[in-house]
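You will see two complexes here that share subunit A, one where it goes with subunit B and one where it goes with subunit C.
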Partner chain A sequence: MTDVSLASPPRADGKRGSDSHARRTGPGWYVKIVLMAAVNALGLYGVWTAVVVGSWGVAVFLALAVAAADWVYFSRRMLPAKYLYPGLVLLLAFQLFVMLYTAYVAFTNYGDGHNSTKADAVAAISAQNERRVEGSETFPLTVVERDGELGFAILRDGEVAVGDATAPLAPASGSDDGTQVTGVDGWTTLEFAELISRSAEITELRVPFSDDPAAGGLRTQDGSLGFVAAPVLVYDAAADTFTNTNTGVTYTPNDHGSFVSADGDQLTPGWRVGVGLENFTAIFTEDRLAGPFLQVLVWTFVFAGLSVITTFALGLFLAMVFNDPRVKGRKIYRSLLILPYAFPAFLATLVWRGMLNEKFGWVNEVLLGGAQIPWLTDPWLAKVSVLAVNLWLGFPYMFLVTTGALQSLPGDVLESARVDGASRWRAIRSITLPLLMVSTAPLLISAFAFNFNNFALIYMLTGGGPHFEGAPVLVGHTDILISMVYSVAFDSGVKQYGLASAVSLLIFVIVGLISWLGFRRTRTLEEL
Partner chain B sequence: MSVLTKAAPRESAPREDRYTIRHDAGPRGVRWWAEVGWRHVVGIVMVVICVVPLLYVISASLNPSGTFTGSNRLFGEVGWNNYAELFESRYWRWFLNSFVVAVTSAAGTVLMGGAAAYAFSRFRFSGRRGALTTLLLVQMFPQMLAVVAIFLVLLTIGDVIPILGTNSTLALIAVYLGGALGVNTFLMYGFFNTVPREIDEAAKIDGASHAQIFWTIILRLVSPILAVVGLLSFIATFGEFIIAKTVLQSPDRLTLAVGLYQWASDERNAPWGLFSAGAVLAAIPVVVLFLLLQKYIVGGLTAGSVKG
Partner chain C sequence: MRRSILTAATAVTATLALAACSGGEEPAAEESAAPELEGSLTVWVDETRIDIFTELAEEYSAERGIDMEVVQKASGDIRQEFVQQVPTGKGPDIVVGAHDWTGEFVTNGVVQPIELGDKASGFSDVSLAAFTYDGAVYGVPYAVENIALVRNDDLVSDTPDTFDDLVAQNDDTGADYPVIIQQGDEGDAYHLYPLQTSFGAPVFEQNADGSYSPDLALGGDAGDAFADYLGKLGDEGVLDPAIDGEKAKQLFLDGKTPYMVTGPWYASEFTGAGMNISVLPVPSAGGEPAEPFVGVQGAFVSAKSENALVANDFVTNFLGSTDVQLRLAEAGGRAPASIEAAGQVDDAIMQQFSDAAGSAPMPSIPEMGSVWQFWGVTEVELIQGKAKDPAKAWNTMVGNIQDAIAG
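Now for the complex of A and B:
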């Protein structure tokens, strides 16, 4: 902490030398001290837990963040940083870092079956492939509980030993009746009724027999008799291979993060490794994936483009219709026409989903007199429905924007055009539209970018369906890229974060290109 | 909105022009239909299209049977039991979640965005231009593109600090706030620049610290933009779907958008009446806010666009 009596140091720019710490006794100072104390305490606690868990990335980030906070808020120089720090930390963590992390994951096989590190995979394979050792000793076993965690207690060499899923069996103080443990200090013994009600948990539980993973684990089938299950697959750390003790087959690690035998048999789980460009080549060349992906890619552009064009056209048309002062009640029309924009879009989409229901929906049932039109389940109709609903949702925005733009058009230009004998259509085409484009083009580009990633509409209305048949991931005729990302990552049965991130990365590139082209285009429009 | 910018031309053209304002009585009969009447037809058709889905959902929410088919006759039967049933469901839990998330995010966005805009507008420091350009670039890429990475990062954080991991409201707010600076700083920065610097200079001469200038002078002068950014952020967060759906998992933690989606997509039970009642109640705060804010939203949109 800085010394109270220090004079304010001279500042580089010589102008803004005033300092908030001049008056140390104000209430703001106490607020700051309390806040900083809290930040330091929580931050250091976080660093400590992260180190304990072994999460080095989190530990380093938190340590740097806390150090930066102290530096920024206790230094007299970092004036702008005092205002930028909170926003920048969150921006770094949840916007910039996640973008970089997306790029990293895109080049790995992260996903179900490849979720963690190699050490975790080795431990999991050892633990999952265990069989009771034939003819081995059984132990009268007692199921105990501490803080909701179950554990097993047995008599090992006449001494009480207890352990749970994470802590191997270790000697403990307790009581026994000669054959079985009757109580362990610090643990509660489960009653018979609890044994029954938690039987699924109990038969799942595996307590490591000792620190040596090869010693196997203590398990039970009935909650009263325990046995030692030894790994069938034994890991040889020196050779980095697994060997099946029954068959003698050896499994060696391959470069895709899995142990495989010579005849191609693969052990699960594997671990996370970099796979280079494989996710991208899969997207573009793998037969069953490339076709659906290309369809999704094309539809994304078509959907975003048509959404902008239709909403803009209808909005502009209505703006022109109501830009005539002779129309009475224009204010009423305008306030009713923007209702779809005021109503939350996600709710309106869900309402439309119900109204377009094939069997019971209002549109089929009432409007079309009991027709059974598959609005959301036919490949082409679903596309039309998506566009139509988006038109309903989006035209009021364009209506508002173009109304504003029309009203600020210079009147003299139109007047002179008319004096020159231009027809009404000619005036619209040659004067109104170009002038409108100058002020609305940036909005059209951002509308395109918005619809390019309009996940909620697609996901809520059709869920991307109807689905392509035979595709390895769950994507369909109305899926756009971002909903494909979601589906590949979370909805397709096997979670493939690597592949999903690869598609995300492609969207980043496309959005970046569009924005760049957009900025250039607007500049040219303004120069006109 | 209703200001007319076209001066009335003096001559009356033989072919009617839509920029003409006639000072004498308007056209009558067939000509009235050709020039004005059809605009009313278009208007009425469009108003019907706009209003019917909204009437439908209100009608469905009041339908006692609570089923799809029962809801098809608009206002065929009217009862309040769907609204009553909301109290026995998780709806109000979701409402509270959404409200907490949206209000906290909006407040955080206003404070952090305002502080950042103040720094960019009032201080000159090395890296300022670079930071502004970075924000402009970041702004182009919506946060949701990284939704998979956000999920994975939260999984990792959750191992260390469970309250900031997946399935946590606090984590969701943190993620939203992470995206706040990129979206709103520019809007606020422009507004902060319109407040004359002489005001801070004068305050400084009177002995005010930079914190006092920020909290007691600048923030009050820019309160309109703070209100607009806060309310826009409230509306956006209230309706945000993909990140909320990814981050939140347990039924009690969901926000309205995720919870109501589950109801509406539940083909087996089809709690359509319940969904409709929930949708009507959820829409009310947003529609009210929107109508109050309408002129700021529209003004902000076009003003920003013209400046590029």
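Now for the complex of A and C:
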């Protein structure tokens, strides 16, 4: 994710400029031709496949990417682009696309109940509301064919009856085996294998049951069971409305992607439409969300800030201690300290969750001799536990980077400080720390951004709990923004991708802003 | 020189590209020939049922002459993926899963109603009610599961009729816990539901066809009484949020308790460990029958299936047949949904679980999502005694659920 441009580091042979790779016909040239051929072949294959399945966006993107690749690698001039191109393509495909799509979804009502297009919604409402006529019989049904037209034949009151899309069921002469029609004069009986190839036609066929259209139509879903069905809701394409045939109520589309009746009754499913800024304003104006949102926002900042400070402080302290040549066995200690870092974080979090269990946890049971301290279920202790576990998970990283930075500090500066009579503490404060900050400040900023979105830790350790008692949304004392979004937009049963995307965008803006401010500040540090 | 290299390069790439194109034409040609085959059915199943469904699909394929493709999807993703993929046309024809997906599938328009005709009477009422949404059936059930009271026969041999007596029985038995009902930090309303229904406080009103209406029924005096009772059980230490599923199972395996309220998923471990167990209905705590949620497994047909005819034939005529239901029961360790098949089951534990099932399927209506959110955590607060006035906390929860449902 970081610095994709480094994917192809510049070669150190210095052969550049007029002697560009593009023009040299050494072994490298042939390798390049083969590689580019493969890229082109793959790319064109991708374009072709995309066109076949009708994904025009993908096709255009791939075509442009392949063209750009040829241009970049066969041109003499585009030297920087030769290094940047792979990274840029991946960035566009995997980052920019995701971001743009998220941004797009944030302005729609995409989610449960608004899952697809209007055409799909109309089809689904029609299908769901075509019901078997109450009290009607079901019949063993035979699918028959005449001149390419399909028809259904059933035994009605023991008599063979046949009909097709236009002709209602009418008595006909034919044979039967007592329950099912086996043949109708003038019609061919279709075998199951033949039904398969005309599957859609058969399931869509409705044979009027009698001359009265209100009697409904005979239909089948599996080719062997016939039943009489009548639509409860009828779609009028010209007026774009649904009408209930029993009550006469009409449902008209509203601007939120649903058919609604005059008295507010809503049909499901609806479809996906743009809703402007509604998802964004909902976070601040909807009573159920606004209160917890502010509390969670504050805790998110506190959590991310304290996580960075505590891990950095401990990491730096240990780094300084183990940087002192007087400490024996430094290598062993250092290796041991890095262990938490080598552990998969969310596995470790789960283990901690078990260890901090109030009654059976190792911490209470063994360390504290059977005390029952509610580490994860008391609001304040849960916050402390979250920070402590994150400290355990995060300090090795800080230890590593500060160790590296400490070892690269120029020794002469410290020495001259000592010569000038500066105390140890003074030297650390005025020389070591500022110099250290130059190289570690960007890492601290990225650590802050990471912790701001540290979903796995919260979700695995406390699940956001303990829950705000009696709060109208299921959000808890240790929830950070991203885990709050998850519980509101996904865990609440009704998925709201629109809302989730809106909050994600908001988080993106906050983190982006803080990082930008942080990096500006770092630049002033570098001038020291 | 340079120009010629460029030309040569272009020529080479063009040739290779053309080769690639011609290579690419083969699958494309197959696709355009697809309408002739057209007898291909795609079924999505999760990892727990892939083996049996692969086997069944092969049989069906041989019988009907249709290509079957059984695709394994992760159990955690299958539901969401189905909702997302059906609109794009990339979804399967059939998805196999739990009945409580019905509401989400119907409100998203991704499944189609299934008319069972006379076959409907061959399935147990609760299994059909489970798949019924707004008056139409959307899935063909094949297995039924529910929790019940599992007894360690080595510790006790007779079980009282009421939950209070069951707790008191331990004064003689002297086990560490009178009964174990798993909870966890966020509660477990599912395992407490039999107690709740015994007070006459089901989550939603049930319609005549067994499906649920969105009118909440868990409040009122019955709900208050249940809330008080939970507080009492928490006080006495009968319920404990620190005991989650794993710990509950271990305590029962270790013989620390004579009873555990759990489902068939742990039963095989208990018998495997050589324990003598019986399965009984949960005794009533509030006077009315204690009904657990019944979960039903079954198959849905996609709203956009291009082979709806075969898909319907597969789910109704094939999966619905007694023989297939029996085999699915054997493979999954759950009682069959077909009444005839259930009568032929030769497994005492499965039979006992099935006898303990009531008439309350787990609600599948989308409103249930709002209930789950608040339900367990409120119960934990009651058990922990954090709520000074249990009835009041319960009513706050009912109000919150009501608000969440109203949006």
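Heads up, the rule we're going with is that the second predicted complex is superposed on the first by the 328 of 528 C-alpha atoms of A that agree within 3 Å, B and C clash if a C-alpha of one lies under 4 Å from a C-alpha of the other, contacts with A are read in each partner's own complex, and residues count from 1 in each chain.
Please note the rule applied: a contact is a pair of C-beta atoms (placed from the backbone, for glycine too) under 8 Å apart; a residue touches a chain by one contact, two chains touch by 3 or more.
Just so you know, these numbers come straight off a predicted model, no measurement behind them.
Enquirer: For subunit A, which side has the bigger count of touched residues, subunit B or subunit C?
Expert: The partner making contact with more of subunit A's residues is B.
Enquirer: Taking the superposition as given, does A:Gly463 touch the first partner, subunit B, the second, subunit C, both, or neither?
Expert: Both: A:Gly463 reaches subunit B and subunit C.
Enquirer: Based on the superposed arrangement, let me know which partner A:Thr49 touches: subunit B (first), subunit C (second), both, or neither?
Expert: After superposing on A, A:Thr49 lies in contact with both subunit B and subunit C.
Enquirer: Who does A:Ile125 touch here: subunit B (first), subunit C (second), both, or neither?
Expert: It touches subunit C, and subunit B stays clear.
Enquirer: Figure out whether A:Met36 sits in contact with subunit B (first) or subunit C (second), or with both, or with neither.
Expert: second
Enquirer: When the two structures are overlaid on chain A, which partner does A:Asn357 contact: first (subunit B), second (subunit C), both, or neither?
Expert: both
Enquirer: Residues of subunit A that sit at the subunit B interface in one complex and at the subunit C interface in the other, please.
Expert: In subunit A, positions 22-23, 49, 357, 359-360, 463 sit in both the subunit B and subunit C interfaces.
Enquirer: Please name which positions on subunit A make contact with subunit B in the complex.
Expert: 13, 16, 18-20, 22-23, 28, 46, 49-50, 53, 55, 57-59, 79-84, 86-88, 90-91, 93-99, 101-102, 105, 110, 318, 320-327, 330-331, 333-334, 336-348, 350-355, 357, 359-362, 365-366, 392, 396, 400-401, 403-405, 407-409, 411, 414-415, 418, 424, 439-440, 442-443, 449, 453, 455-456, 459-460, 463, 482, 485-486, 489-490, 497, 500-501, 504, 507-508, 511-512, 515, 522-523, 526
Enquirer: Within their complex, state which residues of subunit A touch subunit C.
Expert: Interface residues on subunit A, with respect to subunit C: 22-23, 25, 33, 36-38, 40-42, 44-45, 48-49, 52, 70, 74, 76, 112-113, 115-117, 120-121, 123-125, 127-128, 130-132, 138, 192-193, 195-197, 199-200, 202-203, 220-225, 227, 229, 268-269, 288, 357-360, 376-377, 462-463, 465-467, 469-474, 487, 491-495.
Enquirer: Given the complex with subunit A, which residues does subunit C contribute to the contact?
Expert: The contact residues of subunit C facing subunit A are 1-2, 5-6, 9, 12-13, 16-17, 19-21, 23-24, 27-28, 31, 35-36, 38-39, 64-66, 80, 83-84, 86-87, 104, 106-110, 112-115, 117-119, 134-136, 185-186, 240-243, 247, 303-304, 306-310, 312-313, 316-317, 366-374, 377, 381, 384, 386-387, 393, 396-397, 400, 403-404.
Enquirer: Can you name the residues of subunit B that touch subunit A in the complex?
Expert: Where subunit B meets subunit A, its residues are 1-7, 9, 13, 15, 17-19, 21-22, 26, 35-36, 39-40, 42-43, 46-47, 49-51, 53-54, 56-57, 60, 67-69, 71-73, 111-113, 115-116, 118-120, 123-125, 128, 131, 138, 140-153, 156-157, 159-161, 174-175, 177-182, 185, 204, 207-212, 214, 235, 238-239, 241-242, 246, 257, 260-261, 264-265, 272, 275-276, 279, 282-283, 286-287, 290-291, 294, 298-299, 301-302, 305-306, 308.
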